[in-house]
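What follows is a set of structures to go through.
Each of the next two complexes has chain A plus one other chain: chain B in the first, chain C in the second.
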Partner chain A sequence: MSQKLSHHDHNGRTHSKDNHERKIACTPTIGDYALLGDILMERLLGYETMPCPPLTKRTLELGAQNSPDMICTPFKITLGNHIEAAQAGANVFIMPGAGCRLGFYDILQKQILDDLGYPNDIISLFDYIPTTKRLFTAMQERNPELTQQQFDEVFALIIQITVDMDGLADYLRHNRAFELEAGQFESNYQAYLSEVKLAQTAGEAADIGKKYDKLLRAIPVDKPQRPIRIGILGEIYVVVEPFSNANLEQWLMDRAVEIDRPFDLTRMAIGIFNNEQQIAESGGYVNYNIGSTANDVIAQTHRMMKEGVDGVIHIKPASCSPEITAMTILQNMSQDFGIPVMYLTFDTETGEAGVHTRLEAFLDMITMKRQSADRAA
Partner chain B sequence: MKKAYLGVDIGSISTKGVVIDENNQVLASSYLWTQGNPIDAVKRVVGELDQTMNGAGAGGLAGQYTIVNSGTTGSARKLIGLVLGSRVVKNEITAHAVGTLSVVPDVQTILEIGGQDSKIILINNGVVMDYAMNTICAAGTGSFLSSQAKRLDLELEDFAALALRSENPAKIAARCTVFAESDLVHKAQIGHSKEDIVAGLCRAVVLNYLNNVGKGKQIKGPVVFQGGMSKNAAVVKEFERELGLPVHVDPHGHLMGALGVAVLCKNEVQESAFDFNITNLEFETRGLECAGCPNSCEMICVYREGQLLDAWGNKCDIGASLTSAQAA
Partner chain C sequence: MKIGIPRALLFYFYEDLWLGFFDNLGIETIVSPPSNSAIAKAGIAHSIDEACYSSKLFIGHVQWLLDSCDMVFVPRYADSGIREEYCTRIFGLYDLVRNTFPEAKVLHAEVSFLHRKKESEAFVQIGEALGFTREESLKAYKDAAATAQARKGERIAAQEELLKADGMKILLASHAYNSYDAVIGAEIIDYFERNEVKVIHSDLINTREAKKRAKDSYSDRIYWRVSSDMIGGIDKYKDQADGIVMISTFPCGPDSLFAELVIRLVKDVPVLSLVIDEHDATAGIQTRLESFIDIIEAKKKAKSLLEVEVAA
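Up next, the complex of A and B:
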């Protein structure tokens, strides 16, 4: 629809001069979270929204080609998202802000999109300080008629959906590997996402969440007493976006593995306020704030190891400094608990064979270890 | 007819095959260069094994055994697993650990440096406890040393003897191939002798391995060193010095991956007989790029006697329909 209104010039750039006022917003693909961006844009600003073009090799190429070489991978992929969306007619883009270097993504991406000649408005949602002030201001600048009450209602809806979808997905990761009829969890979860997208209030969203929670829990599973359980954590983007991590959760779940993956948007949002608590829960492995999610990576790994997880997979994009800090501490923890940790780094390469070789070896190892422990017991 | 098991390890540089009996004893083995053509290499390996297993002359076992299961490992394991009709297709790490344990049951650390890969496997009481593998970079592997040998106009076989003559190895940056190479040129130009430079390179390989692959791992004896690099006595000596432990190199170390899958085949409940006749069959692979979306998946179709056996590389069903169209 938007393509009708735009035309490509001889450089392949898209211009929409003929309809300058028309705002079309596109949220980059980050797991299933784009629907939250769509709700913000539609309900608070009255913008049209466009689904982000699917992540492909071309997205990576466009992103890498137009990014500084040494920047972290999520920057490159989301920039690729913006460019492909701009070519399809989008002119408003959303970035979460806060965190580590993530907090500066929007500024640099705007510059790059300007240089490439794509009309754009990038909205950065959050500040380093844990309030919604920046989000409210950003929305009000673009829609002067927006009231605090309207904002609060939509924000409550966003929070409700985030907490519910993360809760459902967490249940899915613990159980999907053992479903009796393949595809039931995924189809129910997808049905939840399309239904909750239409919820008008937090109350409505909560009802939909409860309905699907029941449906998910009613799916028959054949889960052994002690299935092989693997913890997955690390940098949030590569953790939640399967395209960026060779879809490793799926690969493991297809092989009857229960996944404990504590990192999602809910945890990130709460985590920003909770560095002190994470340090306290780290079992003495961290004594001061080491930045971004690294504190929580340590605290959560400590929890999983105490609970007797079979193995932990730590993943990060190339050059992610907070996670590099966490790795050295995880090595100590791995030795103290005698639980293996595998480290994987993802960049814009697309070969999955190497990742699958390592995953298979890791799974073989922890399975054989478990069998030998069971024989000894 | 006695039972036997075939394991094949198809690496980037070499292809190895072994046949074992029910007591893990090696009945036949073969070791050849892959030369960029894994299907051809495996046919040659199987041909050699056939001679030993079924040959009537000296050393031939005259068909006393029948191979009841076959398995593959190494980077071409999927392709060759299909060609051989193998029941076991295993990653190199598991295969090496299982193979080595069948020969050295009390091994605690396996160091392995191959053509492109290097890995470390830590074992406790016969169970793999931890492993690590080089990630994106091939620095410090066999291909690095062979390219430096070329630069110095040396045969790789002469490398170790020359290095062992050095009394003062040159310091060569171990972190990265590019830095190591410019370091090497620099040392040569300022007058270091060839043996010192070669010895420095061997040490760089060891330091690179311990700093990258072995980082943070507790290396305990018995230590077994495998892969093509273990044939280099100077590298072995550097490992012993750095670790302060004796490092065992088995003359059959290069066969451990193949041996490992053969042992795994033996543990399989189901049998699927192997036929030496595959050397007479025509196998062909065709690459194609799916144009269904901008992912442009690179797909491989494998044919036996002109019939499509299998295809892979596609991420979605669009690619699958493409291959079924090819099969029609």
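Up next, the complex of A and C:
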């Protein structure tokens, strides 16, 4: 990459790389996806990147203190990320810039960081309707020397990694609870992440993905014919970020539960263009787009219930509007199919212990339900 | 055939159009009464706890109508143009009503500029569902739309007149379905009128003008109609107001972002932000309105003292 990289800051001024203002980019924590942001920043803009300070109680406190009360929880958590990262020297942040309220996070977060006295550039990757063209423009505004070809190569790499990591993680959720030797799945998955981070091309990333797919599938498991299977659905941030959901997948897998959690970045990216199909697959419960991923929540719950899942856990951040609409519909589906749905709302005050107590009661209930169904059969 | 229309949410945007359309076709309509505690209670009982108060009221109005009409009118408005989307609470209403009251007969059609579902076509569809021809329906729609537009123009002009009057003026910044609802904004408006304060409404603005103002002065990326309407209205009227009272219902998605942005960016006019939920007692709000008026009067006094000093 060129050494004489130059870019515009948010006021439109041009700086050269050797300017005193060093660009240090930090992607907020969202599951394992921060590495995608790092690749964008490093390879398309030539920025330094720093890992986001780990999510802690303090992150939540900082985020909540500086956010409007009524805002949804992921805003508060990612603002906490930005503040802690800014305190550690970061000055460039990334937000999607499209979606529900998520599409506006960067506008208000930038203002809040400005008011707190942290100079910052928040890059909104998309705008309104997500397109690769807009992403290219957002990158080129900051690095005028970026060519379409460079962009295409890095974009292909990011897609490849996203699809592979989501595929591997999905296999993990279906099998990790039954591994014979504890920790094998996780250590292999972590090894995949650190190796794929260094891939230079989509082809290289694909090879690494294939290698680890084989390794994961070779891990010995003792999976019963019909394990207890729980579907996890809801708003994408709390679904993919374990810290924000009291680590509920881990908790369930530790108790020999198979997890059906179809939501990840891959599914979300495809889902944006798939609304009609989601409505068609909703079993007649929904006629129209009800916002964000809520239609997919309905479609996927419908699939799971038809497949005979033992229970469904619907999770969302406090005040998540589309998911509140989805809840009314899920209540009807639960009643019609006779399959229990538990609803969990997470905010910055949610304690792990309370969530785990509720999970325990839910798991007991569906286990007993299964046992009595088996006896009857 | 009697069509029930809930007096909530989009009714406050489209009252003249909807009522005019059915009236032009000679169809009898019944509009639910202004919100009251029984309607609020029913709405709360039939809603998910975490839903916003305005949408709970909507559900309460639908419930009120169930026994008083043959069909409830819940059109699905997704947007009114590019970057004029409604929030998910609003565009999910049809599916919400159908899943909340599975027995209810609901008259609906889709309006979405972005998905090429024109408002005129939606009303043709509704007219045809009621047994009218395409031509009859289209004419009923066009006449109603023209009347609705003229009435909005009149209301905006009336507000322009009000702005010329002397005395303290407060800009009530909210969505029309909050400002004019009997259990949300009405008491606040009453309070000001009792105290001889004139109330300016942020929603009395042309949507295109509001969008342009919001874009030029605040952000070019807003894609919610209710937000650009409110911000555009604030931008248009704030300099002629002595203070801004913002009303949100708890928990409002669009307001959680843009009310906050307004509070952070509007520095020259005092802003009072009120969040109303189903547990609110009027007494608490009155106290806050009283002290807000006191602040404005104190500020005015200080300013006129300063002007006297400068003049001397």
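Please note the rule applied: the second predicted complex is superposed on the first by the 354 of 377 C-alpha atoms of A that agree within 3 Å, B and C clash if a C-alpha of one lies under 4 Å from a C-alpha of the other, contacts with A are read in each partner's own complex, and residues count from 1 in each chain.
Here is the rule we go by: contacts are C-beta pairs under 8 Å (C-beta built on N, C-alpha and C of every residue); 3 or more make two chains touch, one makes a residue touch a chain.
It should be emphasised that the depicted structure is a prediction, and the values quoted were computed from it without experimental measurement.
In the superposition on chain A, A:S124 contacts chain C only, with no contact to chain B.
Contacts of A:T345 after superposition on the shared chain: both chain B and chain C are touched.
More residues of chain A are in touch with C than with the other of chain B and chain C.
Touch criterion met: A:N287 reaches chain C, while chain B stays clear of it. In the superposition on chain A, A:L108 contacts chain C only, with no contact to chain B. By the touch criterion defined above, A:P322 reaches chain C but does not reach chain B.
Of the two partner chains placed by the overlay, only chain B lies in contact with A:R58; chain C stays clear of it. Within chain A, the residues touching chain B in one complex and chain C in the other are 328, 331, 345. Within the complex formed with chain A, the residues of chain C that make contact are 47-48, 50-52, 76, 78, 83, 87-89, 91-92, 94-96, 98-100, 102, 110, 219, 221-223, 248, 250-261, 264-265, 275. Against chain C, the residues of chain A that register as touching in their complex are 68-72, 97, 100-101, 103-104, 107-108, 111-112, 115, 124, 127-128, 285-292, 294, 318-319, 321-322, 324-325, 327-329, 331-332, 345. Residues 75, 90-94, 125-133, 135-136, 216, 218, 293-296 of chain B touch chain A in their complex.
Within the complex formed with chain B, the chain A residues making contact are 54, 56-59, 328, 331, 334-335, 338, 340, 342, 344-345, 347, 349, 353, 357-358, 360-362, 364-365, 368-369, 372.
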